[in-house]
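Here the chain labels run A, B, C and D in written order, and each chain numbers its own residues starting at 1.
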């Protein structure tokens, strides 16, 4: 490490930061995707129930009794919100991925450039 | 790092990728296994209850009142699905493990091959 | 690694430890912040409900039926506690961040000091 | 890395494995400790409730209505089981920690032994 130029060292630490940010984005996206799948499964499950079936919906640690159609529209709203967030994360992911590849290419070029004069 | 051949550098980054994929598979498997254990514990718990006991089953954030036998068959179905997924993950795990060991052997061979001429 | 002085090696491992502690603090903070958001969403959700609406509040695996105003004050209490913990974590975070930057500067200085005589 | 002896390389990879196992143990312990805290909070919460208060207990995705004293004894049982598991994990943790320190000392000794002849 200590024979790398300060510039390359800096690029390497930026690369690591981008990698961590990408991981954060991907794990967030995975969580939202799971929440969407759960909400859709809940919608399916509800669709079989009678209009007056006893149901609760939880927000954090609180469960409230609600009517089937209220729960249904709340689930639809939730899915919509989550899908918007997923799209926004996918944009960020692509941007980060682009930055990552660019930086990686710069570091590769710098390292190869450095190796050549030493070998000569 | 910069005195490693591009081929070995490439193999090392593939090794790292496989390791990450293996970790993803293992953590997914652990989650499914926990869900199976939970579903089996729920089945046991239910088996003691009266046929008309008040029970709810949750799907995501929604809880619906259901009869004992309905919950029982839903749990059985869930366990079956999860066990199929676990088996599929175990196949992937073995395949990845095989790739990992193969790549590791190739890298070792390449590094040892590289050291010898320099020492000569 | 083995051409680094024992002092710098020690500083590097301290740096890594601080980084891990920072990550622990940040992930804890993120969890508390999510719990605050959830509790606030639950408060909003409750505010629309009738005084005699059927509600439950969960503590771990136990759900207890409670009146709206009881749940409301419990949520307010919870938010207050969590916000105090978040503030305390933010203090720790700043302190750790300070230590991290100080150590990073020391390592950089040591590494640069080491490179110069070799080049001379 | 490639100038380290195969023995030291092997010890380093063992060190990494132990570190990962330690992390697994610690995160498992943290989960059990959190479950104990939750169960104790649920006990406290229950102690204020009337004998005939409506309560549910969840096992995985199933919630069953149970009487206060039944939930109380189930919680006590759960706490006992978890505390035994925590003790067992603490034993494993100490053993691993011992192995870790031993291996670390061996690697240090090997690296210092290697550096000296080169410097001579």
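Convention: a residue touches a chain if its C-beta (ideal position, glycine included) is under 8 Å from a C-beta of that chain, and two chains touch if they have at least 3 such contacts.
Just so it is clear, the structure is predicted and the values come from calculations on it, not from any experiment.
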Do the two copies chain A and chain B share over half of their interface residue numbers, or under half; same or different?
different
As a multiple of 5 degrees, what angle does the CA superposition of chain A onto its copy chain C give?
90
Geometric centre distance via CA averages, chain D-chain B, whole Å
20
Between chain A and chain D, centroid-to-centroid distance (C-alpha), Å
28
For chain C, write out the residues touching at least two other chains, lowest number first.
3, 56, 58-59, 63
Touch-based graph of the chains, sorted into line, ring, star, complete or other
ring
Chain pairs satisfying touch are A-B, A-C, B-D, C-D
Mind pulling up the chain B residues that touch chain D in the complex?
4, 35, 38-39, 41-42, 45-46, 49, 53-59, 63, 71, 75, 111, 114-115
Tell me, which parts of chain D touch chain B in their complex?
1-3, 56, 58-65
